[in-house]
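A, B and C are the chain letters, set down in written order, and residue numbers restart from 1 in every chain.
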Amino acid sequence: MPPLLDAQALSKHYPVGGGRRGATLHAVDAVDLRIAPGECVGLVGESGCGKSTLVRLLARLIDPTSGRILLDGDDTTAVSQARFVTMPARARIQVVFQDPSESLNPSFRVFDSIADPLKRLLGIKDRAQLAVRVHRAADLVGLPRELIERYPHQLSGGQRARVGIARAIAVEPALLILDEPTSALDVSVQAVILRLLADLRARLGMSYLFVSHDLNVVRLLCSRVVVMYLGRVVEVAPTEALFTTPRHPYTQALIAAIPDPARRGEVRPRLDGSPRSPIDPDPDTCRFYGRCSRGTDRCATAMPALRPFGDDHFAACHFA
Amino acid sequence: MTAQLQIEAFSLAFRTRHGTVRALEDVSLSVQRGEIVGLVGESGSGKSVLAYAVMGLQDAAARVQSGRITFGGMDMLGASEQALADVRGREVAMIFQSPRAALNPIRKVGRQIEDILRQHANLPSSELRKHAIAALNRVRIPDPERRYNAYPFELSGGMCQRVMIAMALACSPFLLIADEPTTGLDVTTQAVIMDLIRDMSRDAQMSTLLITHDLGLAGEYCDRIAVMHAGHVVEVAPTEELLSHPAHPYTRQLLAATPTPRSTVDGLVSIPGQLPDLRRELPPCRFSARCARHVALCDELPLPWTVVNEAHLVRCWVPL
Amino acid sequence: MRSATLTRNIGHAFGENRLTLVAVAILVLLLVCAAFGQYLAPYNPLMTDGAAKMQPPGVAHLFGTDSLGRDILSRVIVAARLDLGMAISAVALSFVAGLALGAVAGYFGGWTDRIIGRVMDTIMAFPLFVLAMGIVAALGNSVLNIIIATMIINLPFYCRFARGEVNVRREMGYVEAARMGGNRALPVLANHIIPNILPPMMVQASLNMGWAILNAAGLSFIGLGVRPPTPEWGILVSEGASYIISGEWWTFVFPGAALVLAVFCFNLLGDGLRDLLDPQRRI
């Protein structure tokens, strides 16, 4: 089955000025990512790894420096993001944003926030029809009808999160990108929202790209996980395989760092230090070299490519 | 053994324009020398309010209504501002969330450590710099001589947090209060910082009060955990005991709502209802409205301290 | 906003803030004077009366008379139209132009921002009152030119403000959501961002009104723009200023007090407006 989303060799470089001419920041470098219809893919990595940039590339909020993004076989990067805004394909990818307090327009009522994409992307002008669609979206996310006429500041964090989801699914996208959707919520509210998200995916058949720093949550919802480091994909694997037998040293450190009460008092190898600079990185050196416990000369002379490790599991390391 | 920190039947309320908010009610907790106690609760549970009250830093609108807080034998509530200022930084220290925001942005970090030393330690001025660099070294900041001259904005979040820890521990306090010290940090950085706090606690026999909303984190690093809900401490127990045999219905639900490496989406339980409005007249048990085990007794009599076994106490009429 | 909630919100804003009520009362008084001045004035403001020169305030002339025997009360009342008219026009034009330029600069950045920024920097490089004087002197002495001059010198103020506010909001989730929802750049700016920056800008506009009134009055005070015998608070103060030493205080105190009252009123109004327009404070 052809993938729903096929990102090929995506790169995003930003010029950085200040004295040094031609210096570029490699936010995302040669990333390949495929998402099948109905699949839930997790995206993890520490801050600065490029996942936010990748999300914005895939959501077509920014244009890539090179590479392309195919949606159902059509190249969405053939047009600039400014032109993509008004194309029908725009409705097929939607995003649920991180901070519910910032992702809703404070001067829009809930109804207006949910109705806006319906008006612009689906061209629904009739007020009655809009109301039907808005109510349907609100019902799907379990948002009580009486809250629809409220303003965001009158809602709780959990309610705002639901509005954000309702707004994204109202246009019935094929791919929903969720950028840390529950990180600003309390644990009890998070549980509700996660169950809602799982339920919606089953009901509406959407694919998810789920970005989170909480690996336990990713493990819960996703069938496949992509690990990024300094702009590159370092490992891709089915969820259980990633958590039980991570291949890349960075992934191993990441998994070892998850707080686990069952491993109290254990002294575990820790990943210290900071990542290297993403500005003008050496194309022949592994990005993890220097911080990796296993570095050798080979790591400094050849960039490791993603190698297969059986059953859909890939890692970019010479020694995995 | 007398506890380093003893909080007895402590109640605190805020006078606001919209009524009196009974932020803390009848809170009792002790922290022994050398132990790490976790104070776990969701937002609005009162954990930060309690931490600030211990330090004598509560808001101007706060009114202590009853109870005692004793630190190393000293009555913190009755002490003069002068006595408190003397103790703060030297005997009890606090580290905060958002490390970069808690540091002075226009002062070099080395100097900020010196400020603490100058205030509390009897050192000649010539020795200050040496001790400051030693403090940076103790928190494993690489290249401390150079970092001494860094400004907070030049350092990563993890580094800033280490600087804060260095400042907090500069005078070897007896008690460290850590208020969500790793929120906002990457999981790998979090692990390093928490390991550091734990190791330094052990080495110096320092008591630590770790405030967090992350039950998993508390589970890995704390010796004992106190669970808070809506201004009450509802349960206190040694960590393993609390996680395997929670006695309070809220604790059990909190555990069931927290994703762990072994959770499934369907297994995630959400806690019904919301936090009660602390301005209203509330029943003795503030969880009763949301509790499945609720009986008439819960609304009539003040909460007991039910002993489950030694060191495991729960405030509930119908513990599990 | 539907009308029922609007009235409720106005009620709430005034209930919360008595001073706003006072400010509105003063504003109403000023507007009435501006609109119906010629009917309210007891005397013809231009009519001279040689017999009644320099009379102190009394029963016949509540504010006294000036050196040509004209009733000062009448002149102060009628002057409201010109002063308020000039200030309101200038502020309205500045506001709209500043909002548009600042929002575009803040949202698009790049060369748009740089060019607009340079223009504003050029304006701000001059001492503003001197620049206003220069503009009126160059364009000619007329009410229209005072309005233009006041508008130009106030432009950077709104432009900077709008630019800053748009900049802050540009990266927020709801703006990105608006783009994902099919809005092109200008609709995002107009429908999603600008409604949110209007409340703080309205506060600025109201505070700015006070300054605009003083500006217009100031230009007239030094003889630019409005010419005697047209009643205008600045000119009235100017005429009365020559009598500071000799003690005929009523010639400049009353027009000056009118200026103070107007500025005071608009400053208070700024707060009340913000309460009314800010959705976060809505019931």
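In this section, contacts are C-beta pairs under 8 Å (C-beta built on N, C-alpha and C of every residue); 3 or more make two chains touch, one makes a residue touch a chain.
If you're wondering where the values come from, they're calculated on a predicted model, not measured in any experiment.
The chains in contact with chain A and with chain B alike: there are none.
On a Cα centroid basis, the chain most remote from chain B in this structure is C. One inter-chain figure worth recording: chain A and chain B are separated by 32 Å, centre to centre, where each centre is the mean of the chain's CA atoms.
Centroid to centroid, with C-alpha atoms defining each point, chain B and chain C lie 53 Å apart. In terms of their C-alpha centroids, the spacing between chain A and chain C amounts to 49 Å. Across the complex, chain A meets chain B through its residues 46-47, 156, 186-192, 194-195, 198, 213-217, 219-221, 243, 253-254, 256-261, 263-264, 268, 270-274.
Of all residues in chain C, only 172-174, 176-185, 187, 192, 195-196, 279-280, 282 touch chain A in the complex they form.
Against chain C, in their complex, chain A makes its touches with residues 59, 61, 82, 85-86, 90-91, 93-95, 97-99, 102-108, 113, 116-117, 120-121, 151, 153, 164, 167-168, 171. Put simply, chain B touches chain A in their complex at residues 42-43, 140, 142, 156-159, 186-192, 194-195, 213-217, 219-221, 239-240, 243, 253-254, 257-261, 263-266, 268-271, 274.
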